[in-house]
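Look for chain A in each of the two complexes below; its partner is chain B in the first and chain C in the second.
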Partner chain A sequence: MDTKKIKMPYGISEDAITEVEREVPLNEPDAWPVNEKLKHVGKRVKRLDAYAKVTGEARYTSDIQLSGMLIGKMLISAHPNAKIRSIDTSAAEKLPGVYAVHVIKNEEEEAYPVVRYAGQPIAAAAAVTEAVAEEAVRLIKVDYDTRPFVVDIEKAMDPEAPVVYEAPVEQKASEGGEEIESGLKLTGNVRGPNEGRPRGELTSGFAEADIVVENTYRTQVQTHNALESHGMIVDWKPDGVTIYASTQGTQGVRNEFADLFDLPRSKVRVLVEFMGGGFGAKHGLGTHGAAAGHLAKKTGRPVKMMATRKEEQISQGNRPNSIHHLKVGVKKSGELTAIEQKSYGTAGVGLGAGVGGVAQSMYTCPNFKTAQYDVFTHAGPGAAWRAPGAVQGIFGLEQMMDELAEKIGIDPLAFRDKVDPSRVRKAGRKVGAERMDWSRRKPTGSDPGIIKKGIGMAQSSWWRIHSINATAEVKIFKDGAIEVRSGVQDIGTGTKTILAQVVAEEFGLEPEDIMVRIGDTLFPDAPGSGGSQVTASITPAARNAAYQAKLKLFNMVASNLETDVSDLKAADGYIFSSKDETKKMTFKEALKSMPVSQITATESRTKEYDGDYLHWDLGAVQFVELSVDTETGFIKIDKVVAAHSCGRPINITQLESQINGGIIQGISYAIYEDRILDRNTGHMVNHTLDTYKVPYAMDIPEIDIALMEDYNAKSSTDAYGIGEPSNIATAAAIANAVYNAIGVRIKEIPITPAKVLEALNKA
Partner chain B sequence: MKDDKKIIKKGVSRRGFLKGAGLTTAGTIVLQTGVLAKTKENSVQSKTVGPGPVNVEMNVNGKTRSLTIEPRSTLAQALRDEIQLTGTKMVCDRGACSACTVWVDDIPVNACMTFAMDVGDRKVVTIEGLAENGKLHPIQEAFIDHDATQCGYCTPGMIMSTAHLLKENPNPTLEDVKHATRGNYCRCGTYPHVFKATLAAAKKIK
Partner chain C sequence: MNNFSWYDATTLKEAQNEADTTVSDMLNKDKKGSSIIKSGGIDVMDLMKEGLITPEKIVNIRNIPGLDKIEFDTKKGVRIGANVTLSDIEKNSVIRDNYQALQLSVSKAATPQLRNMSTIAGNLGQRTRCWYFRSVEHDCLRKGGSTCFAKNGENDYHAVMNNGSCASVHASSIATALLAFGAVLEIALENGEKKEVPIENFFVTPYENIKNENVLKSGEIITAIVLPAVNNKTKSYYIKQGARQSYDWALADVAVVVELSGKKCKNARIALGAASPVPIRANSAESILTNEGISESSAKAAAEAAMEKATPLEKNAYKVAIFKSILQRAILKTV
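Our next item is the complex of A and B:
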């Protein structure tokens, strides 16, 4: 590949910004300067599709009605562990208005799958209305051979417990999810250990320590609870299938559908224009997409299958819980000498409950060992959720760090300054401490009175994930229209808007001038919205494509302007010679003079300029101030200060929106929500929105965000995402603040009033 | 809130309770009970209809619309399925999220908890009817300016709640805004921007 050497900004806005030289592909543009010198990138550009959202015009999958469309409904298992002897669908099939019934079978053996959790999809019916489909589902008779089951993680670890799987199982990770190690041993319901990447030697490490602290931290299962449920409409026509999907990954749906029905990928088109929330759970075809496919194939009509709220809670994903043991040694001087970690977690019938990444990688410590186990239970499968594994891991690790700091008698921030190699977190601790006014933090447990105030902090890391399978096409038309196309989706994060900003910046136009068409697999492939990889992957592709389209245009107009192509620049709506600014024409005039009706350029993301693949340094530091009512046990979060980095920020307002969301979900995780399964029946008892406790408007604190610019010179936009980083540290920061307020550590979330009172009574 | 007082006088009859349970903001159902039971008689109240579909007329966003609905249809189903006004969202279908908030005679109700047949000749306003002659309501503009929408699925409900607040209270405090949106569930966490947008819109209207 031909390359060139360019100078790029490097460093953190809160610290110092210098320059670094990089060797980059010849067909990519020169580096942008820092955001301050740009016109649209790094600014508060309004969300381009907000108009459709505030007027109700935005059509989500759940809103779409096609002519002749049938509604599908799912029959779900009433039992948590059973073999199915027989299924009788005859009454359902006879019901007027029913077009087809589909019974789920294992692909190879053509047998009914074993039922492994209450709520597992078994069959689906398609009918003229939702009510008829529901009635049809009620008419399906299933003869179950029920067996003992276990839904509690600790009971499931008992060698005597009923087993979920008879033989070792392998599953692939969901996109953006924690890596799933293959080939691990299965003993009863316990799969593992995953031993990560150990280093050093623990015995000598602990021997060197002045203080060793050992603790167990526990986190609960939480369910994603996006407002729009999982679901798809499958329209199966002889010449191809069109799927409208509530998805966070268009190509994932296409690929899985094509594989399942043995179709070439070119015959499957997946569309998602607006999507009502995913947070990690909406990758792939899913149970409802697959069933809609079968029913559409059978009936020759479009079939819409959306999960009910109950199904959404039970079978469509959750964040696995964790029992997280940590043993850490520290010298009085503040050096970490050894970290030993062991964890168990259940993703129900699924895998992916590891929590080890953060303890392994975040702090400088020569000796590290981990053993992480997945525990199978008779419960719905887990799915990725914003920073899978890291959220659970940080809840333990950051409380441990605070405890160590206290034991060696130094301030939690000063301790982290000693053991944390991250420059960006160092800068974050500084701005965050200023904005929270950390100096007013009282000694732990010293606030007098019934309502006690506390201040705490926690920090986090996430990978710079990007995909080179990310392509964008830019078209410029003779009449002045500009279009960007990509298969990438906007799940509410603002992808449409940032693509317009990036392309507008390159052309010297306004973001509103750019028509962004995404969420359609007719356009070039791009990754799913998982792992905070979309911004990092697709914005460089779009900029590279815009740059190539611009060069083509320059080639066409250079002679009109009597200049060299290499002297031409585009800015403020003009194309001009950088040597002689009187030689200029408007962008529109330039387009009009094209000898062709349209220019198209298609480019992809290339690998990181510095050859890095994954770098563990999207840092964040969050501070929390709260009040604990020691009579009722209620916690009120008063204020959150969040210092974040995501490379070069592209849209400040949208980033703030997403950070607010990450923090609010973190608050919810820390003190409110909890999926509760009944041990006696295996059913979820709080599957309705009124019984599944989440924060509402009255519970929302003031949130103050410090967004740092963090230039790393890694791609043509040098931008990364914020979806995962914003959600990791909040729960740990809350736990540390609760400790500061009441002087008792609560190592298990959600920190409910009952747990606060219990802790106070024990103290 | 003004409505609370206005409505509470009506008391709680069983039928009134059922109907009034459609009112927005879960948790205060009892306070706001009885909206649809007050004064006006429903056109269909005395005769027996159903269970099959029946034809009704409904005043939606200033226009009279003809609908064919089953008597068990909720207002949310009728709006979404019959006249394709899909801006009104259905999430919980049990009065816990306010995504389905519309105004019935200028009072915000949960359309999932309101029978379509009980609307009678009252005026329904949905998110699609908030802009006047193509000009956005100040709240809608403020939601755009302050990025008070992410995935956008809760947004119509949020807007119907906050726009109603500004009608009743042109000088809201932050607490008033929180109070007005206390039943609106948003998983994306747009609340801080919703508060900002509403306060900004109030200032602009003045």
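Our next item is the complex of A and C:
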């Protein structure tokens, strides 16, 4: 590949910004200067679809009605562990208005689905209305041979416990999910260990320590509660299948559907124009998409299958829980000498319940060992969930760091200054501490009175993930229209708007001038919205394509302006010669003068300019101030300060919106959410949004965001994601603040009034 | 949700003729009947969406004239028509000024949208939120089944008193305030007559009848709720503690109505919601306060006494501590 050398901004806004030279592909544009010098990038550009969303004009998958469309409903298992002797669908099929019934097959050699959790999808019916489909589902008769089951992780670890799988299990990781090691041993319900990458030697490490602290931290299962539930509409026509999907990845749905029904990928088109939220569990076809496919194939009619809230919570993917043991050695001087980690987690019938790599990678420590186990239970499967593994891992690690700091008698921030090599977090600690006014933090447990205030903090790390399977096409038309097209989806994060900003910046136009067409697999491939990789992947592709389209246009108009192509620039709606600014024409005029009807340029994301692949340094530092009512056990979060890095920020408003969301979900995880399975029946008892607690408006504190510009000179936009990083540190920061308030550590979430009171009673 | 037909009743008689059963009877599988009445329809809809009841006909009583007024009389007190919405009660200035605990309880119940739809009679007629009761998978005692799943199950939100037979708590947090004020329900009978039922007698405990939470029989319609007159010496307060600050059901709620002479309490009525299967009076707490000054120590003693007989289950002992705390605070708020 031909290359050129360019100078690029490098460094952190809160620290110092310098320049670095990079060798980059010749067909990519020169570096943008820092955001301050740009017109649209790094600004508070309003969402292009804001009005459509607030007026209700935006049509989500669940709003779409096609002519002749049938509604599908799911029959879910009434028992947590059963072999099905028979399923009789005849009464359902005879019900007027019912078009087809489909029985799910989840194991090749079995005629009926093997039931491994209560609420597992078993069969689906498609009918003219929702009410008829529901009635049809009620008429399906299932003869269950019920067996003993286990839903509690600790009981499931007992060698005598009923087993979920008889033989070792291998599963694919879900997109953006925790990596799943293959070939691990299965003993009873316990699979593992996954030993990551150990380093050093523990015995000597702990021997060097002045203080060794050992603790166990526990996190709960968190369900996936997007406002729009999982689901799809499958429209199967003789010449091809069109799928309207509430999905985080158009490509993934297309590929899985094509594989399942043995169709060429080109015959499957997946669309998602507006998406009602996804936090990791909405990748791939899913149970409802697959059932809609079978029913559409059988009936020849479009079939819509959206999960009910109950199904969403039980079977559509959750964040696994964790029992996380940490043993850490530290010298009085503040050096870490050894970290030993062991964890158990359950993703129900699924895998991927680790605690991530945070304990391994965040802090400088020569000796490290981990053993992470998955425990199978008769419960709905886990899936990727906003920073999988890291959220669970940080909850333990960051409380441990606080405790170590206290044991060696230094401030938690000063301790981290000693052991944390990250420059963004260093900058983040500084701004965050100023904004929270950390100096007013009282000694632990010293606040008098019944309602005690506390301040705490926690940090996190996430990868700079990007995909080179990210392509954008920019089209400019003689009539003045400008389009950017890509298969990438906007799951509510604002992808549409940032694409318009990037292209507008390159053309010297306004974001509103750019028509963004995405969420359609007819357009070039782009990755799913997982791993916080979309902005990092698709914005460079779009900028590169816009740059190439611009060069083509310059070539066509240079002679009209009597200048050299290389002198031409585009800014403020004009194309002009940088040598003689009187030689100019408006962008519109330039388009009109094209000798062709349109120009198209298609470009992709290339690899990181510095050759890096994954870099573990998207840092965050979050501070929490809260009040604990020591009589009722009730916690009120008063304020959160969050310092974050995400490379070059593209849209400040949208980034803040993501961080707000991440923090709110972190609060929710820390003090409200908990999936409760009945110990005696195996059913989830809190499957409504009324009983499954999430915070609402009055529970949301003031959130103050310090967004750092962090230039790394890695791509033509140098932008990275924020979705996951924003969610990781909050729960640990809350736990540390609770400790600061009441002087008792609560090592298990959610920190409910019951847990606060119990902790105070024991103290 | 099943398909159903709709009947708009314009008189009590019509409603009584058209509806052949109650929601509670329909919830018990051994009972017959297919048509029920609804006012705001909030609870009826919730039960239908869960698949717990499948009425063939719904008789709407919202359009019956005369049931939607709040009338005030210095001697007789305030009479709230059965169809008055929670929002209307919340905003009524006479209620706010004279029956503060009621106003507080209403303003803390559900959400603004729900309060716009819900009626006061429907609020008293709603069924428990025990999550086993509300789930089709659990055929519990209250629905005619053979077990209580809560007792040895997930009983985080259940009753901490009188929980030996069924450990559910009544869902109405407004009833807590109504009980403290000694409200009386006016009920139209099928034969055209009326009866007056003090709220204490309206709710039935599971020991009396496990399949119902109130005395209403098919054909009986609440027409009004009457709160006795108060004077300027009457002070009241209400506190509800949920799992969050935004709308939530009560983990614990308390209402206190006292008649004061200076700081001295001449007479006290204290009610606890979410403590027991039905809202209950805390008699021992009341007697501690009666003829005593209201102070930190008397409030604390009363709160302790109110919880003396608590028999918490495996997961809900924390509720006892919450009751003690909020009751003490509510008592102190009256002076």
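To be clear about the criterion, the second predicted complex is superposed on the first by the 757 of 763 C-alpha atoms of A that agree within 3 Å, B and C clash if a C-alpha of one lies under 4 Å from a C-alpha of the other, contacts with A are read in each partner's own complex, and residues count from 1 in each chain.
Throughout what follows, a contact is a pair of C-beta atoms (placed from the backbone, for glycine too) under 8 Å apart; a residue touches a chain by one contact, two chains touch by 3 or more.
Worth saying up front: this structure is predicted, and the values here are computed from it rather than measured.
In the superposition on chain A, contact of A:Leu227 is made with chain B only, not with chain C.
Shared-chain residue A:Asn686: touches chain C; no touch with chain B.
When the two structures are aligned on the shared chain, A:Asn740 is found in touch with neither chain B nor chain C. Of the two partner chains placed by superposition, chain B and chain C are both touched by A:Ala131.
Shared-chain residue A:Ser715: touches no atom of chain B or chain C. After superposition on the shared chain, chain A has more residues touched by B, the comparison being chain B against chain C. Using the contact criterion defined above for the overlaid structures, shared-chain residue A:Thr606 touches neither chain B nor chain C, since it reaches no partner.
In the superposition on chain A, A:Met698 makes contact with both chain B and chain C.
Overlap of the chain B and chain C contact sets on chain A: residues 131, 688, 690, 696-698.
Residues of chain B that touch chain A in their complex: 26, 70, 80-81, 84-97, 99, 126-128, 130-131, 136, 140, 143-147, 149-156, 159, 177-179, 181-195.
Of all the residues in chain C, the ones that touch chain A in their complex are 1-3, 51, 129, 131-132, 134-135, 137-138, 149, 152-154, 156, 241, 243-249, 251, 315-318, 321-322, 324-326. Across the complex, chain A meets chain C through its residues 78, 118, 131, 134-135, 138, 629, 631-634, 636, 672, 676, 678-681, 683, 685-688, 690-691, 693, 695-699, 752-754, 757-758.
Put simply, chain A touches chain B in their complex at residues 46-47, 49-60, 62-63, 65, 131, 224-228, 274-277, 279, 309, 491-494, 653-654, 656-658, 660-665, 688-690, 694, 696-698, 700, 702-703.
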